[in-house]
Amino acid sequence: MTVVAFIGLGVMGAPMAHNLVKAGFDVIGYNRSPARADALVARGGRRADSVAEAVRDADVIVTMLPDSPDVEAVVLGEGGVLEAARHDALLIDASTVHPETGRAVAAAAQARGIRALDAPVSGGEAGAVEGALSIMVGGDEKVYESALPVLRAMGSTIVHVGPAGAGQTVKAANQLIVAGTIELVSEALVFLDARGVDLGAAVRVLAGGLAGNAVLQRKAPAMLARDFAPGFRVDLHHKDLGIVLAAAREAGVSLPLGTHVAGLIASLRAQGGGSLDHSALLLQVESLSGRRNELNALGAPPA
Amino acid sequence: MTVVAFIGLGVMGAPMAHNLVKAGFDVIGYNRSPARADALVARGGRRADSVAEAVRDADVIVTMLPDSPDVEAVVLGEGGVLEAARHDALLIDASTVHPETGRAVAAAAQARGIRALDAPVSGGEAGAVEGALSIMVGGDEKVYESALPVLRAMGSTIVHVGPAGAGQTVKAANQLIVAGTIELVSEALVFLDARGVDLGAAVRVLAGGLAGNAVLQRKAPAMLARDFAPGFRVDLHHKDLGIVLAAAREAGVSLPLGTHVAGLIASLRAQGGGSLDHSALLLQVESLSGRRNELNALGAPPA
Amino acid sequence: MTVVAFIGLGVMGAPMAHNLVKAGFDVIGYNRSPARADALVARGGRRADSVAEAVRDADVIVTMLPDSPDVEAVVLGEGGVLEAARHDALLIDASTVHPETGRAVAAAAQARGIRALDAPVSGGEAGAVEGALSIMVGGDEKVYESALPVLRAMGSTIVHVGPAGAGQTVKAANQLIVAGTIELVSEALVFLDARGVDLGAAVRVLAGGLAGNAVLQRKAPAMLARDFAPGFRVDLHHKDLGIVLAAAREAGVSLPLGTHVAGLIASLRAQGGGSLDHSALLLQVESLSGRRNELNALGAPPA
Amino acid sequence: MTVVAFIGLGVMGAPMAHNLVKAGFDVIGYNRSPARADALVARGGRRADSVAEAVRDADVIVTMLPDSPDVEAVVLGEGGVLEAARHDALLIDASTVHPETGRAVAAAAQARGIRALDAPVSGGEAGAVEGALSIMVGGDEKVYESALPVLRAMGSTIVHVGPAGAGQTVKAANQLIVAGTIELVSEALVFLDARGVDLGAAVRVLAGGLAGNAVLQRKAPAMLARDFAPGFRVDLHHKDLGIVLAAAREAGVSLPLGTHVAGLIASLRAQGGGSLDHSALLLQVESLSGRRNELNALGAPPA
């Protein structure tokens, strides 16, 4: 029976680990705040008290952590994954981090003989719970193939997109398009509303043509209902767009709209919207257009 | 048998008129360059030698013209539709024009007792040929209902979105989202290419998540194949974005990304790209990023 | 004694007319609301009760009107300047209008044998009072030379910049640079304030180098004192940037920053800031940065 | 006689050190490529073979280095300034670096009892040669006063702007305004040229009003003469704007135009313009407007 160590049992990690249990893997989980491991144990998994304990006997190690420094500490740091793992283990980092972190992890793993993939996911908490995540995988093709049984327990669209770091690059592109699309839909809605159009009808007809997109389908109804509970928080999208901008700058790539929407997300956050769903970009377009000012009621901006 | 006058037998108008013939209407067509009416006659329609002759006995009049000045001349001008039409006729303007032109036409029609709708379409030549257009309709709801038999012969998604001009407003929003989405996809592709990612695989996985959109599905394959034959020309999208900017400015609505992408389309056109498909925004991102410079080979910009 | 008709005795026009009286011209003034002519009479000018009466015997006609439609009505309209003026008169339009309006006026004047110049001014009410305006003049060089005695009574920097319309084009460029510079200074001030810098000291050192500009010298002190009384109103700058955007679009010229700042001015206006001085762009940067929200206290935006 | 160690004898550092010699200081210089110290010796200075040797007996240490990593290595690193300097020495870092580097240096110096200032300069090579630099100084006020004799030998406008790091923050704001102003002037010039205006005359009248700025005065003549030899290289401005964007992002400050112009500079560099003067932003506006394409002749972009 394949042993899978799962590091990081947060909003996304926990349901991903549960799906691995359900698929028949022997899952041993570790989380910094240990209470989060209880749910895993209740579903038939095991609990470890340290990263080293979790990975020591694992065939496969999945990490699902908030940001690059966490990955660097947990994977590359003292007592971390690479130090403690078996030399024939397979490391799958599902965190969203800078592509260079993805490459650095792969290189450090290879130096110890450990196979590694970067495999960030898209699809949100719902996708994690339903095992329906999109997973964009970077790394060696053979390693990718050997990881498929584990990846298939967590996602439904699994694509190998290139060498180490490529998964992170595609995730960055994903976050760029998502942010831009939410902003475009927000601008369209404020424009339509200002000109007296029936918004529900407009969304219906827009969704059917070349303007159609997943934001109109999945997010617009909540936006029209003025429900901005996350979902995916502005704070996290802000972090992800920081990765996009840095990676594009390094590559000399011009992102006119991407840079602009990153500024709008940063502004929304500075105005106190960090813990709202990213669809709250709508509130900012309303404010800029002098139509509503709900941002102002959000209270003090972050320090 | 309902008589339908069809004014404007261009790339879009001709197949729309043919579908009306096929649906059993008695279609009498007029086009400024009369040769374009031959195809209509060949399919069982009739030909008129003037706007006035075309509309004189028509129950329904459909106009499909390039721009606001054409609509103003053909509909409101001397010897035009409103002057010549029966007082119980129904006018459907399918042209893409400024919402205020839509309202002005409706008001002028009403002053003569003629019912009118603005009903711009989305879906391109393919949608027109297949009778699968999306049609966004502004005007009185009862008039809308009376127009449905004619509209259904031309489109598959037909939505009443509000009062006179609202159809044009939704079309403007449609063009805003489409331009922005093509640009976002272009930026993502150049970014991914610069970082060595397999573009086909990336498009596949991006299309499946919250970044998914109709541009990734319908346009990205041709973009990757570097086929920029129109389709929908940059020149026309530039015209449409002029409508969007003007209408938003009048309404005091802020369109940060919309304004930006309108500038990028205008620049692409100034660099000689006017007759390419709008997906040629990709060429501009490549040029701005110093990766390829195919724009430069386009030759002299327009005067 | 040269007779000068002066049409439009507003905030700018009145002091300009007074300076013409002071310079020894026989000035006959007309204003739509006739009370504004009293001050001119008190200083030794004369009053006319219609445009026609004012211009009938004038050697030189100066018009100083709010916008293109006013110029079209007063100059080109029935009973207007061109209809009533002598055929050897000289028309100087000091209004800020679209360059094409400047050209149209010049062409219409020429058709009647009347010499015409477009001569918009910069320098504000203070410059008008002190006769220290900058005047950018478009039209025939000989006509320009014949107009110098009149122009020198109103301004201190007087430059012939090209053919008919060129004065308006330079004024448009002036307004583009001014708006952009106020925004850049605002962004710098908010950035410096957020990072704990002494703003007065910073303005001093910035003004001395390559970052130095007239906004830092003349406007920054009031901005730091949070005094946003006009001066030059946001509403007017919004109108002027509309001219810039339209003229650039027609010429196929790309104005990345110009377009962006026009959107910011439009947004400031939509949020209720139309009657503040244009330096109130500072308030918007503060709001976008979550530092202060004084815009919100401005009350309802314009309809 | 006050001993001044000068580390970094580049384009800026060499003339600054020469001016210190001229002002009567005992200057001992160090440069990584030692040949650059010859000129200093020829003018009466001394040469050191290592940082440690240069600073060992110095009363004042001036560092003038390219970027943050250089400052970190030379000042904070092994065998560096802080390790080798006397405990009563005064460190003046004139490099342009991130404000946080400025603070980190000050904190590390204080921990060793060494007084430190961040004192970046503006004014270019000409300003350095003539001792006419603007110097923006962050740090303790008393330390600032004790440094004035040395600073006055190098600059003519010397302003204390706040605590440690504040000098760097003001320099960042300076670079933001300079880049934005060059871009605004470029947009205005292309707009004016496209509409047939006499550019020399236009620059004259623009420079006299509220649009006036140092770029119009000092840079526009070379731009009109199409001379883009540096001066200040695009590569360096790109580096500096990276500091601006990072510092603004950390502070939550929104820089709409600043972000936009940073993207335009990055694009100019990606298109091969990195070693041109920053006024080459003009070439990019011309290219975007389809008027000239000299960027394309620049050859391959940087890797």
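Going by the order they are written in, the chains are A, B, C and D; count residues from 1 in each one.
Throughout what follows, a residue touches a chain if its C-beta (ideal position, glycine included) is under 8 Å from a C-beta of that chain, and two chains touch if they have at least 3 such contacts.
A quick map from chain label to UniProt name: A, B, C, D = 2-hydroxy-3-oxopropionate reductase.
All values derive from a computational prediction rather than experimental measurement.
Engineer: Using C-alpha centres only, name the chain that sits farthest from subunit B.
Structural biologist: So the chain farthest away from subunit B turns out to be D.
Engineer: Between B-C, C-D or B-D, which shows the same interface as A-C, counting it as a repeat when over half of the contact pairs match?
Structural biologist: Matching pair: B-D.
Engineer: Pick same or different for copies subunit A and subunit D, depending on whether their interface residues overlap by over half.
Structural biologist: At the contact between subunit A and subunit D, which are copies of one sequence, the residues are largely the same (over half shared).
Engineer: Approximately how many whole Å separate the CA-defined centres of subunit A and subunit B?
Structural biologist: 37
Engineer: Centre to centre, by mean C-alpha position, how many angstrom separate subunit A and subunit D?
Structural biologist: 39
Engineer: Suppose each chain is reduced to the average of its Cα coordinates; what separation in Å results between subunit B and subunit D?
Structural biologist: 52
Engineer: For subunit B, which residues are shared contacts with two or more other chains?
Structural biologist: Those would be 252-256, 260, 267, 269-270, 288-291, 301.
Engineer: How about subunit C: which of its residues touch subunit D in the complex?
Structural biologist: Spelled out, the residues of subunit C in touch with subunit D are 99, 122-124, 134-136, 157, 159-163, 165-166, 169-170, 172-178, 180-181, 183-185, 187-188, 190-192, 194-198, 201-202, 204-206, 208-215, 218-219, 244, 247-248, 251-258, 260-261, 264, 285, 288-291.
Engineer: Tell me, which parts of subunit C touch subunit A in their complex?
Structural biologist: 267, 269-272, 287-291, 293, 296, 301
Engineer: Taking the complex as given, what residues does subunit A use to touch subunit D?
Structural biologist: The touching residues are 242, 245, 249, 252-256, 259-260, 263, 266-267, 269-270, 301-302.
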